[in-house]
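Look for subunit A in each of the two complexes below; its partner is subunit B in the first and subunit C in the second.
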Partner chain A sequence: MRTLKQILGGNLQQYTMVLALIALIAVFHFTTDGRMLTPSNLQNLIAGNAYVLVLAIGMVMVIVVGHIDLSVGSVAGFVGMATAISASQYNFPWWAALLVGLLIGIIVGCWHGFWLAKMGIPGFITTLAGMMIFRGLVIWVSQSISKPVPSEFQIFGAGYLPEWGPAFTGMNNSTLLLGILALAWFVYAEVHRRQAALKRGVQSPLWVMLVRLGLMAIVIGTVTWLFGSGRPGTSFPIPGVILVVLVIIYHVITQRTRFGRHIYAVGGNRAAAALSGVNTNKIYFLVMANMSFLAAIAGILFVGRATAAGPSDGTMWELDAIAAVFIGGAAVSGGIGTVVGSMIGGLVMAVLNNGLMLMGVGADQTQVIKGLVLLAAVAFDVRNKNAGRPSLIGNLLRRKDATAPGKAEPEAALKA
Partner chain B sequence: MKLRASALLTALLAGSLALTACGGGRGATETETTSSGASQSASQDAGGSEGFAADATIGVALPWLGTQNWMEAQTLFEQQLTEAGFKPLIQAADNKVPQQQQQIEAMIEQGAKVIVVGPIDGTQLGSVLGSAKDAGVTVIGYDRLIQNTDAVSGIVQFGSIRTGELQGQALLDGLAAEKGEPPYNIELFGGGPADPNAPDFFKGAMNVLQPKIDDGTLVVKSGQMDFTQAATQDWDNARAQARMDTLMSNYSGDEIDGVLSPNDGIARAIITSVKQAGQASVPVLTGLDAENESIVWIAKGDQYSTVGKPTELLVGKTVEIIKSLQAGQGMPEPDATANNGTIDVGLYQLDPVVITKANAKEVLANDAARLKLFEDNLS
Partner chain C sequence: MAERMPLLEMQQITKVFPGVRALDDVTMQVHRGRIHAICGENGAGKSTLMKVLSGVYPHGTYEGRILFDGEEMHFTDIKSSEEKGIVIIHQELALIPELSITENIFLGSEVMRGVLIDWDQARWRAMDLLARVGLDVDPDTPVKQLGVGQQQLVEIAKALSKNVRLLILDEPTSALNEEDSANLLEIMRGLRARGITQIMISHKLGEIAEVSDSVTVIRDGKTVADYEVEEGHVDEDRIIRAMVGRPLDNRYPDWEPRIGNVLFEVEHWNTEHPTVPGRLVVKDASFHVREGEVVGFAGLMGAGRTELARSLFGRSYGNYLSGTMRIAGEPIRATTVSQAIDAGLAYVPEDRKTLGLNLLDDIKGTIVAANLQAITRHGLLQPEQEVDVAERFRKELRIKTASVDVGVATLSGGNQQKVVLAKWMYPEPRVLILDEPTRGIDVGAKFEIYKLIHALAEQGKAVIVISSELPEILGVCDRIYTICEGRITGDIAAKDADQETLMRRMTTTSSTEPAVPAPTA
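Up next, the complex of A and B:
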């Protein structure tokens, strides 16, 4: 057990949902006669859920600062419709329509930020109003009629990476390149981490690093193979690439920058953060502005895939995003939650949805199951927090570790 | 440090995307042959040379089960496809477009040979149906037009302009029969704008009603005669009822004689609203779908008419086409074609029937459940 803990990096709590996700995928893979882990299904899974995951990136930041954004679905729908109209009615070239959409997202975000940060209206109210305003605007500007988007948008919503280079790899070489890059980055980060640990005199055996890298290579290799070996012309989908880029950017912003630390500080204890010199209003403003910007991206991804913007696009998306964030371990009271965790939460929902569909379960029952999973995940979290325990699995391990104490603490400290 | 590394990674990603221009790799020649092969086999399906297994999986993607006609469609597809020896795979999407997109993809994954699609929004399935076509799946539109895609082989539906004309005529007949001499006060309601049939229903009805409005037989007091003004977002009964509540303010001291309603749910919402506004006599209403509740209301004399689009006929026609595809005879000759924005799609059209209190017994003769409902509530 201790070996396992060393390999996974000491803190198993963050892996609970990953393990749940893997278990879920495995169960569905077998109950659907192997239809889960096929290239085309995984490509669909990512392309079909990228918009929710993009929303969840922004939503986790909003929830961490202690607010909630109910307007994201309406804003995404409005942006999708605005891009479609500017292209189809005003004959904007596609890139100009895209810029119009992103700009509208930012302006809407500033509008929300203004009411929240400058006027002190709670985020719940500001964005509830926004939800109505922008839903109304979608219907108003579209006359309730769906509008087609230029075919270039399909690249963002449902496109694939190019095929190039040697054919002997037997898979999409763009996907292969991404896989190799990802692996290279993990190797680099791992070596760097170990060196830093050694420099500080912390014991960090070589074999642990090698096993970790080996596991990582297997995981990344499998994923690359699954995405890359589909029908020629398909690859890791472009909406997925956009998502991954956004996740990397926002992971770095929230975890490695001063702005990121301020977000957690304000969410954890606003008064304390303000007293230590954090400009809380500025943080609120930026987080809200950013949320609507990401909602704009989500809206564009969606209309790209749908090939048209409809008057009811975005209905209930906010709730899907919020569910992803909470399943991903964020706290309702703010201050806790990570971008990567929310992605895992979103994927749990996506895999559930996809797997139940592959099994032929109806939308009604799927809805019930998703509701129960959300409740179970959050209840699990809340119960553990109340009891001061990290999680069921972490708890089991801790008890075993009690016989051999001492190791867990320095490693945990190192993690933080 | 980490920051710089991820910036580097981002740059590399962008670089790999920029490689778009370079050809080669696994795809190049192969992609072309497979895509042309796929479209060839699709056109062969349409032309009718090769069939598929008699026990093949057939996907049916329905928009939702919130109204009786879709619920019936689900049951009937299950029955008729099973009887025909196919393996039916039926899913409803709760009126959510992304959900429906994913369901159709799941059906492709499950190896469906034909996918019958009752779209939520006929314009928003383009890329999903494109991938169905690439996978060699034949797509048949059910009840609603599927737009802006070349991946649909035909649409089975009741003629929607014709349906509207029948509704308009039923309204005129009802007014003449029940409301004495003209002029008559009427109001107009349309269906959900996202449903491509809704404007056609309205157009069909206006083909009949407009001349009568112009000659003063009919008076629309609110002046709301455009489809966009009359439309009911998402076919939502509650919205229609709220709009009728507002319209009733035009009728203080006067009575409303008739209302054009695009379907039964909205018709009942309108009747409820008029009653709540305190008007003693019920206006003449049209409807659509012959829902059970409306059959009861017709029997009781509350709702004047509905238009029956027997789901049995629609499902029967669809299954007939699937059988023809299975036998390798391709799509049958369509009754008409309609431009869906990308191609001319074949339409397989069926004629709906008007049901009033007077003719219900004859029309419902083959529908034991509804007939019983009608007779039990006859007053």
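Up next, the complex of A and C:
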């Protein structure tokens, strides 16, 4: 037990949600006769859920500051439609359409931020209004008709990494390269971590590090193989790469910057944060602006995969994103939640969707099961909090122990 | 009024909380048709006594007897005491701002006709009640449109609607300006003339002199004085002595201050209440603190000490009206907290849990929270440095914890306070304002915090200590300003001060003469 602790580093309980995810995948793998862990299924799973996970990145920040954003689905739909229209009706080149989309996202975010931070309207109301406004606008500007998007968008929504180099690897070499990079980063982080620990006189046996690295190599290797060994021309999907990059960026922002600290400070105790010199309204504004920016990215990923923008794109996405964040251990009252935790929460939902579909369970029953899982996960969390213990899932990756910088990045990369 | 049996008798009331004897054998009599004042320092047990009386602490959770009208009472909750005609008006008003005056007055005891509320009847009765408290306002007005003084009158009208026989007012004027206070006291006299017995909790000696007929002084949960007031004349010295008379034991470290030049100067500072326009909470405050000096701000709760401090600290309280602030001769214009921090100010708030700490955060995160730029390199926080800083303070301040990674919520009050102090020491401020730095922590930790305060002064910082505990102020500070009702009323060297002189200046706005007793109507 102690050995295991040393290897995993810190509190075993922190891994509850990760273990639940792995167990879920294993159960589905066997009940579907091995159809879960196949390259094409996993590629689909990632490409088909990347947009929700991107939304969850922003949503966890909104929820940590103590608000909620109900508008993200409408905003994503509106941005998707706006890019499609600017390309198909106004003949914008694809990159210009893309920029228009991202710009609209930022403007919409500033709109929400203005009402929340400057006018003091609660985020729930501001974004409920936004949800109606932008849903209405999508239908209005599209006249309820789907619009095609530039074919280049498909790269973002459903593209694969290029094939190159020697064939003897037996897999997509781009994916292999990503796997090697992830492993290299992990090795670097582990060595750095051990050196830092030794420097401050903390015991850190070499074998622990080696076992950790060995385990990580196996996990990363497996994931790389699973994604890379599909039929030729497929790889780890590009939306997945975008997601991983965003997760790394936002993990660093939330855990390693002043802005990130301020988000947690405002969510944990607004008055105390204000008396520590945090401009709370500025934090609210930026978090809301960022949320809609990410919603724009999500919208673009989605229309890229769907090849067209439809008037009802994005309906109920906000709820999926919110569910992911809460399954990932965030607290409704704010102050608690992590980007990586939310990704795991989102993956739990995605795997449930996918696995139940493979098992032939209907959408109706899937919905019921997802609802129950959300309830169970949060109830579990609440119970632990009420029992006076620190929240398991909340603790999970809430703040990494200081001697392990970047520990979560390879983890995130791996899960995605 | 016939001096028969007293309306209320509380006999040998003892109320114990885990670890604290909040009330210890308190006995008190209130006679019919009188205004009885209860005074005592913050935390002396006044509110606890009233909660026992009104049934908030039900019969059986305390020892002793309550006789009302000669009958022994066994109140189980507020409702049961209200049925007997005992009504409390709390310091924080309990009106619902969105509802109208009528709705508020009859909330919980609605005027019914069958199953429906008879609003017409309710309005007529409300108008009648408002007339009795001298409030000329449409009873349909939402309460939020009323000023604090008017709201207080609505509370009284509400009490009258319940056929009140004993009205308890908990620091009724603490939130009022002078005019409203005078008006309220006038109303209280009117009620007395109509035979309504009242208990007034207050520590403003002026108003006690003005309206009360008898006084009970409570200190540390015990009745220490109980006597009649003769015709609007109060022996203030006697009350003050009774309020503070606890022995001053040696709980403060010795130290020799090395005082330098004036470091922090504030002149003619005026601050308005954030929501009540025209009500000044800080009135023309001027003071200075020298390098290496520990200056105390003594004042009762609500006197404006915290408001002054927070108003200086980046205007984090109220509306700034006028005044200047200088550090080492340089004028400081700090309109936000972060500007104040950059200018070299630090403010450790009085309420750790609601203002000082993010209870979800860990120790190291809290310690660096006010100075994140110091651990930032290339835009990224440096976790190793964070741990180093936290470890340094853990050793320096002897914070008792297994690790700086654990949550601050797991620490004891004293250790939490040390963490908060570390948070404000880390930005290396030149001026530190400590608001009630030892509230709610044990004696041992207090001693350590006093030593820390002196250590900070020895580094040449200007330290301001705000405290309600006079022995603490006298034991720790070099010089003391007294504050009363937003005004600085005294500037006394600690060696020349004693608790009585401080209490006198804390309770009277004019420092030269005692409050002039107004002739009773």
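Going forward, the second predicted complex is superposed on the first by the 388 of 416 C-alpha atoms of A that agree within 3 Å, B and C clash if a C-alpha of one lies under 4 Å from a C-alpha of the other, contacts with A are read in each partner's own complex, and residues count from 1 in each chain.
Here is the rule we use: contacts are C-beta pairs under 8 Å (C-beta built on N, C-alpha and C of every residue); 3 or more make two chains touch, one makes a residue touch a chain.
Everything numeric in this text was worked out from a predicted model, so none of it was measured.
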Examine A:48 and indicate which partner it touches, taking first as subunit B and second as subunit C; both and neither are also allowed.
first
Looking at the overlay, does A:252 come into contact with subunit B only (first), subunit C only (second), both, or neither?
both
For A:261, is the partner it touches subunit B (first), subunit C (second), both, or none of the two (neither)?
second
Which superposed partner A:335 touches (first subunit B, second subunit C, both, neither)
second
Would you check which partner chain A:121 touches, where first means subunit B only, second means subunit C only, and both and neither mean what they say?
neither
Using the touch criterion from the header, give the chain among subunit B and subunit C with more contacted residues in subunit A.
B
Partner chain in contact with A:273 - subunit B first, subunit C second, else both or neither:
second
Check whether A:232 is in contact with subunit B, with subunit C, with both or with neither, and answer first, second, both or neither.
first
Applying the document's definition of touch, where does A:219 land relative to subunit B and subunit C: first, second, both, or neither?
neither
Subunit A residues contacted in one complex by subunit B, in the other by subunit C:
252, 256-257
Okay, in this complex, where on subunit B does subunit A touch?
1-3, 5-6, 9-10, 12-13, 16-17, 19-20, 22-28, 30-31, 34-35, 64-65, 89, 91-99, 101-103, 105-106, 108-110, 121-128, 130-131, 134-135, 147-149, 192-194, 228, 231, 233-234, 341
Can you name the residues of subunit A that touch subunit B in the complex?
35, 38, 40-41, 44, 48, 51, 139, 143-146, 148, 154, 157-158, 161-167, 169-174, 177-178, 181, 185, 188-189, 192, 231-233, 241, 244-245, 248-249, 251-252, 256-257, 302, 304-308, 310-313, 315-316, 353-354, 357-358, 360, 362-364, 367
Which bits of subunit C are touching subunit A when the two form their complex?
310, 313-314, 316, 336-338, 340-341, 347, 349, 354-362, 364-365, 369-370, 372-373, 376, 379-381, 383-384, 386-387, 405, 407, 423
What residues of subunit A sit close enough to touch subunit C in their complex?
196, 200, 252, 255-258, 260-261, 264-265, 267-269, 271-279, 335-336, 390, 399-403, 405
